[in-house]
């Protein structure tokens, strides 16, 4: 059990690089391969928590020995991942898919799902939906924004505290690593520094369906408005969530504590969470504040994560730990 | 008329420095004095739009010849400004007060207002409330956040388009220059870079009263929730505003165009505004987007400003231009 | 004379954009065309010092009416520019070439020079080599690094103060806009923020020949070692120059004052220059400090510029002003 | 041996905070106290490599049980540290002093050294001067800049490769955390972002004596010119070093490999080192390049470190490991 072979498809992106680093530091997993397309043949240097950095040579995906590993992480682009999930399952390995291809709503994709992929793939947000993950052969790893928003909202939704038919409005801001490592003009340093802007405005971001589906599953009956923004930082997401309440709440922080004090990867905080609190950690840091000077009871929720860790690679390892029967916290920075 | 003497109280802060630069570039005004407390005697270098930078020696406030100028800009701290407004009026000069001391709600101050200060001081947001500014001897210059939010909201409020009793939720983010030039741990580079966080959460920011008062004056009957955030940028504010509508709007951008196409300092844009669009300019750049996938009609408004220009010093010069009978745009970067 | 038609080839890069802004603000020039290759048809928004921003539609280079203008600025890439210089001269217009194609050493290019281009093209660093610029039909605009380094060094070289056969070592650092607006992985925000590194180490940068040639022309007989670094800033260059002296200098700052106090675009400063002193200005800010605790007399020189203004577009306009018989400072931010 | 009690004096600064985090993650040490002056009573949150972050309440220095620990790290300010070193030695504990008070040259301090402090305190740069550290009761932890510069230079100095009487010129650049956590105007985000400048120019930095002393100890007979710069980054130092050689070197990288391949905390690299390679690691990453196009043989050396880790707290733990008879690498991030 201390040397489980795993592989990474799509190692050259920021989430893929983060995955390789976490696996290289993992006490029970062994990185057998890491693939890249354009950067195949190049060396990826990853840091480990014990010992010197490790250099990994990325290979082409078709050269990956997917039949020799117990589990594959797919950090391939949306649209391209699902076919590889099918291939990996056919080869007998388990898969954590970091793309949106198999999440609820599929990120809007209409690409056909291979026959070997189950019709219903568990959504791997363990703090909310841990049931079924341990038995799953494939898990859809949540998006970064949804992880932050759903963890903050869920206890209030489950307890029926959100006003019915209300509009829950989320202003979220992400670092640029969330947009990937493919060179684009709008991601150049000179374009991002000292700048800030919204994007996908009007509720059209492809992360919306996995959030609305999850809210319904939690018993919620309200609308979600999600407005993402691009921050001049490398990593981190902060979600600021306005929640109309059914009735006033005396102690909203207590609701979060009750839900999460036993969870190793959720940190309930009276102080407002900042990106600096969470970068390089596999945690969601959440807080809750009652709104003053308004006529209807209203709650503000805040959730901060590292988009590459709890928002991608860290959560993927957390899901893999569950799927492989390991301690859920193994190899993960708290 | 081409050499009107003016002075600046509180020149060492970021808004004060910006004021000195604008005045030094102004075609019709002449900077007679600039004061500072701790930094008195030091030289302030300001850039001008024509010719080389100008060096200004800051003097102590008690040495300022307030009787020799036509108008004084007070960029003194909140609480300390109002007494100086009284002194300047007594000396016969006009005043633009950049502090919150004389704005609606007075920023929560209970410091007594000197007898020479009128009970009702016009709120100097010319695009919304131009009446009375030309005749005023003292004008309260609006806060940076309120400028961005009120300009975006006003046309919809005046037209009665906001749903009655609704909650309008604003997530706004500001650069650190808005917090001033007094050294504090939380404003150090090492604390701000690669970070992002909310502050004054729960609707407790001192800018709230001037916004709610202005909304009432515009005919609005709804609640405002204002949540500011601290951005890792020097200057700029972006406000993202969720507006429940009375009924669906076919073309929200047309509402903005109708209200502002004749205004030199409001820029209506189909593209989402970014800080980089507005820094160093005396404009509010606004946009509007209808929200999809929600059951009640909802609008998203975006407004970007430079907090030191249209949010402080530029708007102060705009008000001074009006009070001095000059062209409202004189000396202001568009 | 107040409406001279000019054009810009290569307007979509950062230097080209800066050029369009300077021309749009110029009191005597009129921008007739701006070209782009991949981004042809797109709109470029440029700010002006008077009035609102101006939107310019970029056209393909073959559609540019080069025969209808008095002068063309070529901000085309190194290697691609020289053929266009020939075409423009054939069409009867003057040219300022911002590429390295016609500078001393030609940036290492071996691309043939068109017949219409003179064998000897003046090097347009007016503060050092103003002679001949007014009569030139084509001027080679200097590189950004050379501008900063040569302006700081020249007075000491001309006065024979540098130790013969010495090694003058330059550590220079530039913002990322110097690397252009073409998307590359190493220019992404996530790669540049919180980072710093040297590049082209070992004296192999293509700006070296134009510097060594200019030093020889100034009468220098020493070696230059140039080591550039990439800064996490958008714009600005700081050059730190170690100069072994022939003999001790009592007052090195006086040498700079004597050379430059009459120059509108060189700022001699006792305080060490910072990037913030010079961004968005067409100046070189220089300082000089004697080195203590060493056995041979040694001088430290510092020079700061905005790489896009005095290091590219601003200096190009300065050269154009001279070539067109205008005031050398017209339209340039001091 | 697995639970050695240690304490930290001066925990509220950036080096002190880093120390607390390293100790909290250390396999064999136990943090008994952490002191602060102005921030006494406040909680410091430190991350650990295993398990959740730990909250530490800082106490006043006079309340620190210095007699109950085996070793104290003093991260007190220069000038204030040496008296506490005396007190700790009197109380029977060992000390690693991170200040310059006991380094060669004493950082220019003339404050008297307490009687209990030895006249000769070992300089704790283990890769160069490991002898005597294991027996020392007090070690002077090197400065951040000297660590980077001396590690790069030493192999060439020891081998007599530097030209005699030459001038070795160092341009070094540091992140702002090196300037400490005391709020000062010039360290505010708005002053540092998008800026870059030199300071202490002319060879007057207080780190100079410990470097010249160490060079003499290594057998060097040349001058050092050290010019530091302030980078717009949180952490990291890059030193760029120009070295006139006695004679040409065929393979300078081989000299570094021979000296350091057995050292766990020196990383020899053909690629030029960048800050991003070393942040949060206790390593010096060095490279060497021969200079072309110069008449005398010249070498360029590059060294990158994290100023808070190998440049301060990490090296202090490395020294403590040696003094306590532990594995030198225990608890240190490679």
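Every chain is named by a letter (A, B, C and D) in the order it is written, and numbering of its residues begins at 1.
Please note the rule applied: a residue touches a chain if its C-beta (ideal position, glycine included) is under 8 Å from a C-beta of that chain, and two chains touch if they have at least 3 such contacts.
None of the values given here were measured: they were computed from a predicted structure.
Asks: Average the CA atoms of each chain to get its centre, and name the chain whose centre is farthest from that of chain B.
Replies: Measuring from the centre of chain B, the most distant chain centre belongs to D.
Asks: Considering C-D alongside A-C, which chain pair is linked by more C-beta pairs in contact?
Replies: More contacting C-beta pairs are found at C-D.
Asks: What is the distance in Å between the mean C-alpha positions of chain B and chain D?
Replies: 46
Asks: Go ahead and note the Å separation of the Cα centroids belonging to chain B and chain C.
Replies: The mean C-alpha positions of chain B and chain C differ by 38 Å.
Asks: Using Cα averages as centroids, what's the distance between chain A and chain C in whole Å?
Replies: Comparing mean C-alpha positions, chain C is 46 Å from chain A.
Asks: Mind checking the centre-to-centre distance between chain C and chain D? Centres are C-alpha means, answer in whole Å.
Replies: 39
Asks: Which residue numbers or ranges of chain C touch two or more of the other chains?
Replies: 175, 191, 193-194, 232-235, in rising order.
Asks: Examine which chains touch each other and state the graph shape they make (line, ring, star, complete, other).
Replies: Here the contact pattern is complete, since every chain touches every other one.
Asks: Using the touch definition from the top, list the residues of chain C that touch chain A in their complex.
Replies: So the residues of chain C in touch with chain A come to 14, 175-177, 181, 183-185, 187-194, 232-235.
Asks: Spell out the residues on chain D that touch chain A in their complex, using ranges where they run on.
Replies: Those in contact with chain A are residues 47, 49, 51-53, 193-194, 264, 281, 333-334.
Asks: State the interface residues of chain D toward chain C in the complex, per the touch definition above.
Replies: 165, 167, 169, 171, 173, 175, 191, 193-199, 201-204, 208, 212, 223-225, 227, 229, 231-236, 238, 240, 242, 244, 272-276, 279, 289-296, 298, 300, 302, 304
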